[in-house]
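Sharing a structure here in structure tokens format.
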């Protein structure tokens, strides 16, 4: 009898802790709006996530440093990155960069991460979809985890 | 019930302290393994800081696996384990006190020395605090699931390596959430999510581990 | 009190015995004879609830054996169950406490005295001879008068005549007080018992 | 009905039955595999993003499904054996394990080969590949434990306990790796959840999955026959079987 009671309480505790893990402000990364609102840590590396603004990708004279703007359609933040961009990095697509806020207000990234999604479909369907995506992306973007 | 738990744990501690070597060996092994990595990977602080949590946690896992076979082997050899199984005490109490004694002798010392190693790896103080917290929550899992592994491989030829193969995959969530908690503080992410998931896994393991250990002991001594 | 119905046991896939019916009442002594490998030890371990029978059942007071049964049973196997790192009295104290027996210091010494090894009380068990280790294990009998069922596997092995006399006296006293003893042995040691029976295990 | 089924529960009665079933399932597996491969390579269209390299999905996904499904089935048989003390269930769990491990290995390799053209690396610490790797270790642990214990009865029971502990942990391991993976790999912004599979592709994958399932049953049944012979070698009916053959 005691074992059953102990078993049930343990499972309840486990479930509660898992739920707590999800409700907490699980931030994978900070959005440009949060950075503008000074929520991101200033003196420490953190991650910024958002959409790469189309047409904002510029390569500096030294050929290695790139600049682009990450936006969540509300605010945007310039990002400076020295290194090779991942082959899946594209304007208009999502990106997450890890680095620090520089004194000049730009985000100096030490690492840029991109990930392809798992959709597989014939080319024609893809064109139709991407047109729909473009309209939707313009309206609103929410990073997963829904931070407060 | 609780009284039996207390004096079995006291007996385990008394036995262990009479063979001090075993307890210290595990601790020294943990420190040596954790100190080998900078020699192998290079002293560059940024790099060390990034892998500190992983190294410390993996060293803790290996140290635990190293010390698990002794959990039941000595008592099995001299027949005292058999006496415990026929004693009026519920087998669950015996398994829990053995696992607790194992944690007090390996998990706890590892957790307390980990911050020192964290300093070697240039971890900031708040990350050291999270490292200690994650180890305090995570190492009991090593003893709980580990005791099931030790019972399964009791008296089996080649038990040590086999035990590692059995329990290390089960320790993956502990490694992921434990090390993850520390690395997330390094990139400004609140570790509470990791720590509470670690706690959830501890709760689940305190259910699965003892059940499996009891069943395995009955099978081993059948 | 203790009874088995159609009990059958296997070892390594080989059937040792089957259809074994045994019954034991208060004051009953049961000797289990048989040559090596005939299943004597397996039978005792099955009665103690350690080994799972291939068929049939073991009942104590009409109920299948479980936690309560273990409160009223003492099982001593081949192994002396004595820790080398602990002294003789520490060993006895632990084995008695784990069997929920009241363990005053004086009682421990009396039990050791009863088995003639009280002078070894504070010696780590590592230094004991095989016979002394067996005596240290059997000392528990002197504390277990209140435990009705004694299951003893080869209690007399490795013992000298003096120790054998002490152990058989303990058994006789236990039987006289209404206790029950099941023991396996190759030697025919006389033990006074009102209801003494024996079974022969054919290999 | 149950009593009729139970009479097949003894190894001796199950041995001839398994013998009759093996050819049926093998033929079924072969037919389904041919149909599946035909659909996979000749009917299914190319993919908009990955062109032809995505076709490995017809091996990778069924293998991954089978690797997890077989672990659950193995744990089920093992748990049954532990509870009912029936020898045949323990043998079935031993018979399934190697096939499950093989599918896990195939899933891993096909995942890695697929990672090469798309993510640019043979091994990618993607959540699925990593938790699949851990699943392979769980299979290997089960097989190693059962072969390390000489006494078959104890081996079955110890293996059952390990399998049950494993089956509870598999979802937890997958979840923890998923969580860890999104942090390491960096969670990219996910937009709409578009329909992810074209009809023909789905059909190809289902056919291959069914083929894999039939294959597993066929191999498990033939393997359990050899386990039964091995375990019951000194039983009367096995000796008669051998003398008659």
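Observations on the structure shown:
A, B, C and D label the chains in the order they appear, each numbered from 1.
Following the convention adopted for this analysis, a residue touches a chain if its C-beta (ideal position, glycine included) is under 8 Å from a C-beta of that chain, and two chains touch if they have at least 3 such contacts.
Just so we're clear, the structure is a prediction, and the values are computed from it rather than from any experiment.
For chain C, the chain whose average C-alpha position is most distant is A. In this structure, the chain pairs A-B and C-D differ in their number of contacting C-beta pairs, and the larger number is found at A-B.
Of all chains displayed, B has the C-alpha centre closest to the centre of the whole protein C-alpha set. Chain centres here are Cα averages; for chain B and chain C they lie 37 Å apart. Chain D has its Cα centroid 49 Å from the Cα centroid of chain C.
Within chain A, residues 28, 47, 98 each touch two or more of the remaining chains. Counting partners per residue, chain D has 153, 183 as the residues that reach two or more other chains. Residues of chain B in contact with at least two other chains: 189, 197, 201, 204, 222. Interface of chain B with chain C (complex): residues 4, 7-8, 11, 14-15, 18-19, 75, 78-80, 82-90, 218, 221-222. Chain contact summary for the complex, chain D toward chain C: residues 85, 151-153, 231, 234. By the touch criterion given at the top, residues 48-52, 67, 70-71, 73, 75, 77-86, 94-95, 97-100 of chain C touch chain B in their complex.
If you check the complex, the residues on chain D that touch chain B are 82, 134, 137-138, 140-141, 144-145, 148-149, 153-154, 157-158, 161-162, 164-166, 168-169, 172-173, 175-177, 179-180, 183. Residues 92, 186-190, 192-194, 196-197, 199-201, 203-204, 206-207 of chain B are the ones touching chain A in the complex.
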